[in-house]
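See the structures that follow.
Two complexes, one shared chain (chain A), two partners (chain B, chain C).
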Partner chain A sequence: MAQHDDGVTDGSPVDDHTAAGSSLEKAMPHDSGIAVLTDDLMENPGFPPHRPRQTDLDPKKDKRAEKQVTFLFYLSIVGSIFAVAAYVAFPIVPGDMESVRTNNLLLGLGIALGMLGIGLGAVHWAKQLMSDIELVEERHGTRGTDATRAKAVEIFALGNKESGFTRRGLIRNSLIGALVLTPIPAVVLFRDLAPAADPIPLLQHTVWKKGTRLTRDPSGTPIKASDVTIGSAFHVIPEGLNELDDKLEEKAKAAVLLMRLKPEDLHVTAGRETWNYDGIVAYSKICTHVGCPVALYEQQTHHLLCPCHQSQFDITHEAAVIFGPANRPLPQLPITIDSEGYLVARSDFHEPVGPSFWERQF
Partner chain B sequence: MAKNSSSPVKSRAAGRRSPLASVALIVIGLMSTGGAYALFTSSATADSSVVKTQVVEEGAKLYAANCATCHGLNLEGSGTGPSLLGVGAAATQFQVGTGRMPLAASGPQAPQKPAQFTDAQVNALAAFVASKAPGPAAPTAAQLTASNDPAKGAELFRINCAMCHNVAGAGGALTEGKYAPSLSGVSAKYVWDAMVSGPQNMPVFNDNNISPEDKANIITYLKYLDKTPSVGGYDLGNLGPVSEGLFIWIFGLGTVVGITIWLTAKSN
Partner chain C sequence: MGASVLTTATRSPAAPVEESRGSRFTGWAANYVDERTSISGLVKELGRKIFPDHWSFMLGEVALYSFVVILLSGTFLTFFFQASMTSVIYDGSYAPLKGIEMSNAMQSTLDISFDIRGGLLMRQIHHWAALLFIASIGLHMLRIYFTGAFRKPREINWVVGFILFILAMAEGFTGYSLPDDLLSGNGLRIIDGLIKGIPIVGTWISYLLFGSQFPGTDIVPRLFTLHILLLPAILVAALGIHLVLLVINKHTQFAGPGKTNNNVVGVPIMPTFAAKAGGFFFIIFGVIALIASLFTINPIWTYGPYDPSPVSAGTQPDWYIGFADGALRLVPPHLEWLWGPYTFSLNIFLPVVVLGLFIVVVMFYPFLEAWVTGDKREHHIADRPRNAPTRTAIGAAGVTFYAVLWGAASSDLIATHFLISIEGVITTLQILLIVGPIIAYFVTKRICIGLMKKDREIALHGYESGRIVRLPGGEYIEVHEQLDPYERWRLISFEDYQPLMVRPNAKGEITVAQRVRAGLSNWFFEDRIAPVSRTELAAAHGDAHGALEGDAGAHGAIGH
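Coming up: the complex of A and B.
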C-alpha cells in the first residue's frame, strides 16, 4: 500500500515529492498572488462521531427489522407466484381487448412485486442490519513499480522479436492494409441504404402534373367540382398514387387539402387568377416549417392550423402565415376541371413543398 | 233452448257448430279485418300529413319563441346569428339536440350543454327549419347502421377526422379558444349530423366526400372505441404525450425521487 502512495490521503502531510500539490505548497507557502492562502486551508474535519442505530441498541428493534426484511422477501415470492398464477388464470382471449388488459395488468403487478420485494428487502437489510461503521479506503496511484514496467517492456520486445513485426515489413504492412479495408463492405452497404438518386430533384417535384385528376384519399376516386360544396374539406391524393411502388414517399410530398370557399372571400394575387376553380382551392398539406400534415381546417375563419407547432395559414390570403414558426405560405396547387367535370391539376406545384432544405431556390 | 230441455242427447248434437257457421265466421272475420285495415290505413295517411303540418307548426312556434331573436323570424339571420336557410334538419338536430343552441353566452364556440328541448321538440324545430329551405336531412335509423366495418371507418377517421378530433376521438385544441370536442359517447345521429352539416368551424363532409356507408363505418369505429377498453390500462384521456408526460413527470419522477431519498438516508 505504501509503495503506491501518491500522497492523496485525507489531509495528512506526506513526504513524497512527486505529488504536485504538495510540492507547490512547499514552493510558494505564502505567495499573496494565490487566491487561497495555505494558512487558510480547511482542516479535514474527519467523520462525525458514529451514531449507533436503533437496531444496534435495541434487540427488539433488531428482531423487528429482521422480520420486515424477511417479509419483503416473502412478498417477492408471493409476487412471482401471483404473476404466474394470474397469467394462467386470466389468459389472453384472442379478440377480447379487455382480457389483454387484465392479463397485462396482473402479470405486471406480480412481476413488479417480485422484483420490488427483493430490492426493497435488500436495501432495508443493508440499512438496518448490516454493519454501518464508516470506513476510509485509500485510493492508490495507478503507476506500476519500475520493475513491473521494465518487465512489460521486456515482454513487448520479446514479442516483437519472436513475431518479427518490425523486421518483416511486408507482413506488417499487408496486415495493416487488410485491417483498413475490412470496414469497407459495411460502408458500401450502409451508403446504399441512402436514396440512389440525387435527392434534390426529388424534393423539388411531386407526382402532380398537368391533367392529373384530384382523387379522394384513400379510395383514389376522382372528385367532381360539384361534389365540393361550400365549407367542404377533401383530403386529396393524385390519381394513380395507389398504384405506385413508392406510394408513401410520393404521398408524403403530394398530399393536398381541397377546400371550397365563397369566391368573393378569396384574395387572389396577380398571376394566380386561374389557380382556383370557382372558389375551390387546393393547397399542399405539408407544413413549410418541418413537414407535419396541416389539415385542421376551420371552415368559418378559413384558418388552417398545423397541429405540431401551431402555425396558422389563412386560406383566404393564399395560405399566408398568420401565426407560428412557419416561414412560407403553403404551396398552392393550380387546379381546373377536365371535360367530364372532374378536378384536375393545371401543373405541378410551382415551388418545392414542405420544409426548407439547403439547395431550395426560393 | 227448448230443444235442450226436451232432449239432452239431441241438445248435444245441436250444440255442435254447423260447418257452415265456421265458414261464415271466417268470412265475417276477414271482411271486418280487411275493412278495418282499409279504414285505418286511409285514415293513417290522412293523419300523417296532418301530424306533419302540426309538427311544423309547433316547430314554428318554438322557433319564434327561442331562435328568432338572433336568426330572424324567417331564418334570414341577423347581426348576431347566421341565416338558417338551407342548413337543413341535420344542423338543427345537432345544434339543438346537443344543447349547443340556444346559445347561453357568446364565446369562441358554442359549448355542448344539457339540451333545452325534448326530442320531440327538437324534431319539430328540425322539421320547421327543413320546411323553409332544403338542406341536409337528419339520418334515419337504417342509415346509421347501413354498414359496420370498423377497420374501414378507422382508416377514414384517421384521414378525415383525426387531425382535429384525435385518433382516439378524444378531441383537441384549435385556434383562438376553439376546439374539436371529444367524440366519446356521442350519439350516432349527432356524429352523422355533424359530418353532413359542418357545425361551427368543422368542415362539411357531404355524401359525395364520405359516402353514407362510410359515414356508418366511421360511426361503427367510434362505437368500437367507446366499448373497447384501453389495452394499456387507464388511458389518461387519450391525449397522448401531454397527459402521459405530465403523469410520469409528477408520479413517476416523484417515486424515483422518493426512493432515492430513502436509499441515501441514514437509518435511525
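Coming up: the complex of A and C.
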C-alpha cells in the first residue's frame, strides 16, 4: 500500500499507466477483443499534489471542528432522551386523533435527531479531522494463480479418481436420476393449498338464480323498479349475500351495476329482449379485463369506465367494449320484477363473469 | 490499531510502560477473541482496505442502510400485526370505522396505527424505508449501467444485484398487500386477473395461491410468510453474495490522475470509510425517521377494509409496480381469442411476456456487450457515460421505455389533471412506448458524441479564456488556456474500440454468429471518437515533448 501526499509517489503510478491493463494481461494473456491498444496513448500524469484542508492548516479551525462534532453527538443524546420523554408525556388518548399525530410527530423527531446527530457528527469528523490523504492499493487479477488453479484441478481429478464418478457411469446416472426426482414430492405437497374441488365450475356460476332479488350494496335492501329513475345507477348485490359465510368470494363474482336508460336508447340483440325491464338493465360490475370493479358510470354517454385500466363499456350496446384493454362485454344479468314490484333476476349470468381464464370457452 | 493493542496485550506483564485500565481491557478482550477466532487475520486483511470516493458510490449504500431500517422497523411491526383474514367487527379508537366488519389483519394494522404508541411511526418508517430501498436500488443500477461497472469481473454481481432488485419489488408488493385494505385488495384482484390470464396453468395457479376463489381467507397469511421469511432470507443471502463479491472484486473508480486499472485509490476502511459509512447509516435512518414523523404514507384508514365491489377513482399501485400496471393499460384492444375450447388472453399475457423479456435483456446485458466487444480483460475504471455512446444510448432507450410504462400507470390522473381525454393519453403513450426509446437512443448517442468531441477539442486546444488579444497585424484573437495535465487526463483516459472485422475461422468459413457479432459490433462502434494520442497533442502544441513535461500553467497556446 503506497501513500501519496504529493505528485511524486513511491508507488510511481506514472509508470503504472503504461502497464494499465497490461501487467494483468502479462500475467494472464487475455483477448482484448476489438479494443485499440496503442503505444501512442497519453501518459497518466500521476497524483496531483495534496491540498491541505483548513483544519490541517489552522489549529483554531481544527479545534472548532472538534467542538462541532462533539456538539452533534450531544445533540443526538438530547434527541434520544427527548424521544423517550415524548413517548411518556404524549400518550395516545383513545379516540383522539390529534394525540396520535402528536405522538407520531414528537417521537419521530426525537428519534430522527438521535440518528442525525450521530450520523452528521461522524461524517463531519471523518471529513474534517481524519486524514484525507488518499491511499493506493494494488489490484490483483481476480482469477487464482496458475499454481492455485492447478491445485484445484488436481483436487477435482483426485476426487473423481477416488470416487470413480466418471468411470462408474451407472452409479453417477442413477444418482442424477434420483436427485432429479427428489424435489417432486415437495411440489406435489402444494396441491392442498386449495380444496380438492375443481375451480372451473366455481368460476362459471354465481349466487344469482331465478327469483333472487336485486338489493342495494352494502345494505341489502331490495330495489323496486319504480325506485330506479332514468339516468340513475345502483350498486347491487344479490339478496341474502350478507348472510353467507363466503360473502366476499361470492360478492367478487355477483356484484352488479343497475342502470335505467330510455328503452329506445337500448340496442337489444335477438334473444335478450326480455333481459331488461322497461329500460332497466343489470350488468356484472367485475371487469372482463383483470377483475376490477367497473364502478364509474357516465350518465350522459351511458359509458362505464373501469378506474384500474380504463376499459370502457357502452351500456346502450349491451356493455360492448369501446376502448381499453378489455376484450369482452360485461355479462348481462337478465332481470324482471316480482309480484311486489321488486327487481329480481331471471336467472344466473349466461356466461362466467370477471377476468378471462384458459378454460373459459368465451 | 487492533493489531498493536493485541501485541502489547500479550506481553503486557513485561511491558515497561504502565497502561490505562481501558487499554488493558481492550487488549485483553482483543486477545480473548483472537485466540478463539483468529479475527486479527480479518482485521489485517480488511482493516485498511481502500474504498474509492465518489458521490454516486453512495447509492448502493443508501439501499443497504434502508434495508437495515426495514428489517428493524419490520421486526417491531410483526410483534403486533396479525396475519389473519378472520372477520372481526372493528372496535378500536378510530371512530369512523367503528362497528365495520373487516379482517383481523386490517384491524391489527389500525391498532398499530392508532392504539400503540410509536406504532404509526414504525409503520411509516417501514413504508418510507421500503420506498427509499427500491428507489436507491434503481438509481444504483443506473449508475452501474451507465458507467460500465458491470464489465468483467463484475458481470455475476450485476446479475445478483438485479435479483436483489426483483426481490425488493416482490417484498414491496407482498408487504403492501398485508393490511388487507381496499386499495391493496384491488391490487391483489389485478394480480388474480393477471395470473388467470396465463395460458393453460393460470386458473390453477390462482386457485392454489388464493386457496379458493378470490379473495379467500388464505392470501394474507401466505403473503406474510413470504414477506417476513422466505423473501428476506433469499434477499439477505443474495445481499451477502453481493457484498462479498464487492470485496473480492474491489470497488471500481473513475479515471483520474494517478488512478489506473491496476490500483484502487481512496480512503481506508479504518477509520475514515468506517466513520463516513457508519455515519451515513445514521443519516439515512434519521432522514427516514424525519420523513415518517412529518408525512403520512398509505393511510389505510381512509380506504377502509377490502370489499370486491367499491373502488376509488385514480386507483394506482405503489410507484415501483407502476411500470407493470402501465403495461396492462397500454395493451392494444381486441387481443383475445378462442382457441377451440380455450381462451387465450393475449391482452393480459402480452404485458407479462414483454416485461419478462425486458427484465431478461437487462439482466444479461453485461454478457451481451462482452460478446460484442470480445473484450476479456478486467475493467476497474468506470466509464464516463459519454465515452460509451452506444451503451449510454441503449440505456437511455431502456429508461424511456420504462418511464413511458410507468407514466401510463397514471394515465387517468394525467387525463384529469391536464383536462385531456383518457383515450388521447393512452394512444399518445402507446405511440411513445415504441417511438420514445428510438428517439432517446439517437438523441443520446448524438449528445454523447458531441460531448466527446468537445472534450477532445478542449484537451487538444485548451479552453476559451475570454481574453481577447490584438495582434500586431490588427487581428483579434481569443487566447486559449491549456488544461493542466491532471484535468486533461480526466478527458482523455478512455478506451477505444474498433468495429469487429468479419474473418473466416479455421475451417475457412464465416459463420452466421460471426456475421451477427460483426453487425452488432459495427452498430456499437462505427461512430466513435478516438482518445487524444501523444502525437496529436504534440502536434496541437507544436511541441515534440508535449505539455506533460512542461509546466502546464505557463503553456498558454493561442487559439485558432
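Everything below uses one rule, namely that the second predicted complex is superposed on the first by the 252 of 362 C-alpha atoms of A that agree within 3 Å, B and C clash if a C-alpha of one lies under 4 Å from a C-alpha of the other, contacts with A are read in each partner's own complex, and residues count from 1 in each chain.
Here is the rule we use: a residue touches a chain if its C-beta (ideal position, glycine included) is under 8 Å from a C-beta of that chain, and two chains touch if they have at least 3 such contacts.
None of these values were measured; they are calculated from a predicted model.
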item	value
Contacts of A:Ala320 with chain B and chain C, given as first, second, both or neither	neither
Which superposed partner A:Ala225 touches (first chain B, second chain C, both, neither)	neither
Touching partner for A:His289 - first (chain B), second (chain C), both, neither	second
Touching partner for A:Val268 - first (chain B), second (chain C), both, neither	neither
Partner chain(s) touched by A:Phe357 [first = chain B, second = chain C, both, neither]	second
First, second, both or neither for A:Leu105, with chain B first and chain C second	both
Partner chain in contact with A:Leu75 - chain B first, chain C second, else both or neither	neither
More chain A residues in contact - chain B or chain C	C
Which of chain B and chain C A:Arg53 touches, first, second, both or neither	first
First (chain B), second (chain C), both or neither touched by A:Glu138	second
Doubly contacted chain A residues - partners chain C and chain B	97, 100, 104-105, 123, 127, 132, 217-218, 235, 293, 295-296, 305, 307, 310, 323
Residues of chain B defined as touching chain A within the complex	155-156, 159-160, 163-164, 172, 174-176, 178, 180, 198, 200-206, 208-209, 228-233, 262-263, 266-268
List of chain A residues in touch with chain B within their complex	51, 53-55, 97-98, 100-101, 104-105, 123, 127-128, 132, 216-218, 223-224, 226-235, 259, 293, 295-301, 303, 305, 307, 310, 312, 323
Of all residues in chain A, those that touch chain C in their complex	1, 4, 9, 11, 13, 16-17, 19-21, 23-25, 30-36, 38, 40-48, 87, 91-92, 94-97, 100, 103-109, 111-123, 125-127, 130-132, 134-139, 141-142, 190-191, 193-195, 199-200, 202-203, 217-218, 235, 237, 246, 248-249, 251-253, 255, 285-287, 289-293, 295-296, 305, 307-310, 321, 323-328, 354-362
